[in-house]
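Labels for the chains are A, B and C, by order of writing; each one numbers its residues from 1.
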């Protein structure tokens, strides 16, 4: 049917007879796709020589001023943003933040203290197996990340905590997690513990340890978030 | 770009050379090689001469072997099959109702080649489509009012620390090993006991009943524990009598011929 | 919470006397703010009761059809995307996408056009065994998923495409796959159809077909995504 066009995206709307002005189209496409506000130098470089960027931006601003998306200037650069009066109309009906399941919080705690740690090691420490879903949820929270792969048979993935973890739990650094004595002092641990019981000093530095290999290409996809 | 990937560069390069191709490794299996050879006939795949194709293929394999190039087994299997097909196509068809005719076999092969070709065209069509991130783009800058924002999670540092302390403590105070052990389930133990007790009318030691199961030393504990539990259960139900002369002495078992309903009543009343 | 990061936005353009239609503004703001395609249920929930969503979307589509950003339908949902004729003018600083091998492209095509399909069926069509890596790569891209198990000896896993597949290739539904008519016309799509299926089209709906069983616990481990 639309043999000329490359395999078409299903564009909705009547087949237009003419397109809008090319410079306007280019500018809005760039501003739409940009991940950050765009400076005028870059915008100018995408327009034909001699184009009046200021004039084009003003025209684009006028076009969008009445719409649900506006052209704005941020820090001397340009961006398209949703109109600020619509924020409440469009935002997600934020469901109350979800509480983590007990299994998830227990696993998170072990990852925090024992990182870098593999799934099998978490299970060893917990004394129970953990489901794949538990680690998935923790990665979804943004608090746990895949660090690397352990140099061991099966090359299991190692997990550690993220900066977001520190932010959420109000820690300056992961080493600030209380140690054995502090946990005892705060009443989290009692005195019946066997000799030799220890609590590791956590460490979340990004540098891989000697027994870790970097993640492989494609490992990023282990992260359920990255596949979006 | 993907099209060139699709267009079989190796095969094309090869087909320009007078000395037929030798690089068998450039092909993704015999069907791929056949398809390349079929293209040299320069006709619609539907009208291809399977006989000519079989000859081309066999010639290709012969040359590869002359050059002492190792030809993978599946190519040889295809060669053998094509040699067979060729002979049948050349000979007058003997009326054998059980076997598909040579013409049918040839038609099947032609259809497979057409199917592969169609899938390749479809795959190439797919890859030349406009794609997200190359020809068209999604909104780049995250907006805080994204209606599809991911779920937020919550947990407190107290939750975290108590969860950690609790499980470390629990583990330290129990002698639980996570290591996978072979466990003799109660059900298995009971079935074995029922079977074995049925054989003997006399008092027998629990461990001798189980001797057959004790071959694996690591199983010893679980077999004993499960059998003991199962035997208690069977005593309770009145199928079995159990005796022990003193603590740690061997346990003796004997089948009870009549169930003891009165004991069951007592037990359930508790 | 966002007190810090919200400098007043300087909206550019002449002060408009009136705003565009409110429903249009809301719809475009939602579609703009959402990075992934939005379903009609969510869109409808943001419009006043009684609003004609189809009509509003058509109107929005018309507005955008001539612009550098278009309203498109993907995976049965709605999204704004830059016009594909402008792709080369936008060029974001993203690394070029990983190129798929020929084996992977063919396998992807077979999965897409013949889904639900087992590995043996893919091999049958290609006339060659496929390495485990090939399907892994496709699952890693997020375009192929494990659907279920075929009710057949050996209960082989069936594969199909994902919503991401549609989103990536800008397809509204699998029935829009290019060249589908050719395959259908040549009768290549109905050879493996179980009795009772008269419509030889690929099918990526999540509901299992009559000849499929659900995946079992542990099947997730077949998936390279699983964090062993």
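What we mean here is this: a contact is a pair of C-beta atoms (placed from the backbone, for glycine too) under 8 Å apart; a residue touches a chain by one contact, two chains touch by 3 or more.
Nothing here was measured: the structure is a model prediction, and the numbers come from that model.
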item	value
Reference chain B; chain at largest CA-centroid distance	A
Identifier of the chain whose CA centre is least distant from the whole-structure CA centre	C
Euclidean distance of C-alpha centroids - chain A vs chain B, Å	34
Centroid spacing, where centroids are CA-atom means, of chain A and chain C in whole angstrom	21
Between chain B and chain C, centroid-to-centroid distance (C-alpha), Å	28
Residue numbers of chain C (touch at least two other chains)	30, 32-33, 35-36, 46, 80-84, 90, 92, 170-171, 178
Residues of chain B engaged with two or more neighbouring chains	125, 129-130, 135-140, 143-148
Complex contacts: residues of chain B adjacent to chain C	1-2, 5-6, 8, 28-32, 74, 112, 114-116, 118-127, 129-140, 142-148
Chain B contact footprint on chain A (complex, rising order)	6-9, 29, 32-37, 79, 81-82, 86-87, 90-92, 94-95, 97-100, 102, 105-106, 108-110, 112-113, 123-129, 137, 140-141, 143, 168-171, 177-178, 183, 186, 188-190, 192-194, 197, 199, 225
In the complex, chain A residues that touch chain C	6-7, 9-16, 18-20, 24-30, 32-35, 46, 57-58, 60-74, 78, 80-84, 86, 89-90, 119, 132, 135-136, 146, 154, 156-157, 218, 221-222, 224, 227-228
Footprint of chain A on chain B - complex, ascending	125, 128-130, 135-141, 143-157, 159-174, 176, 178
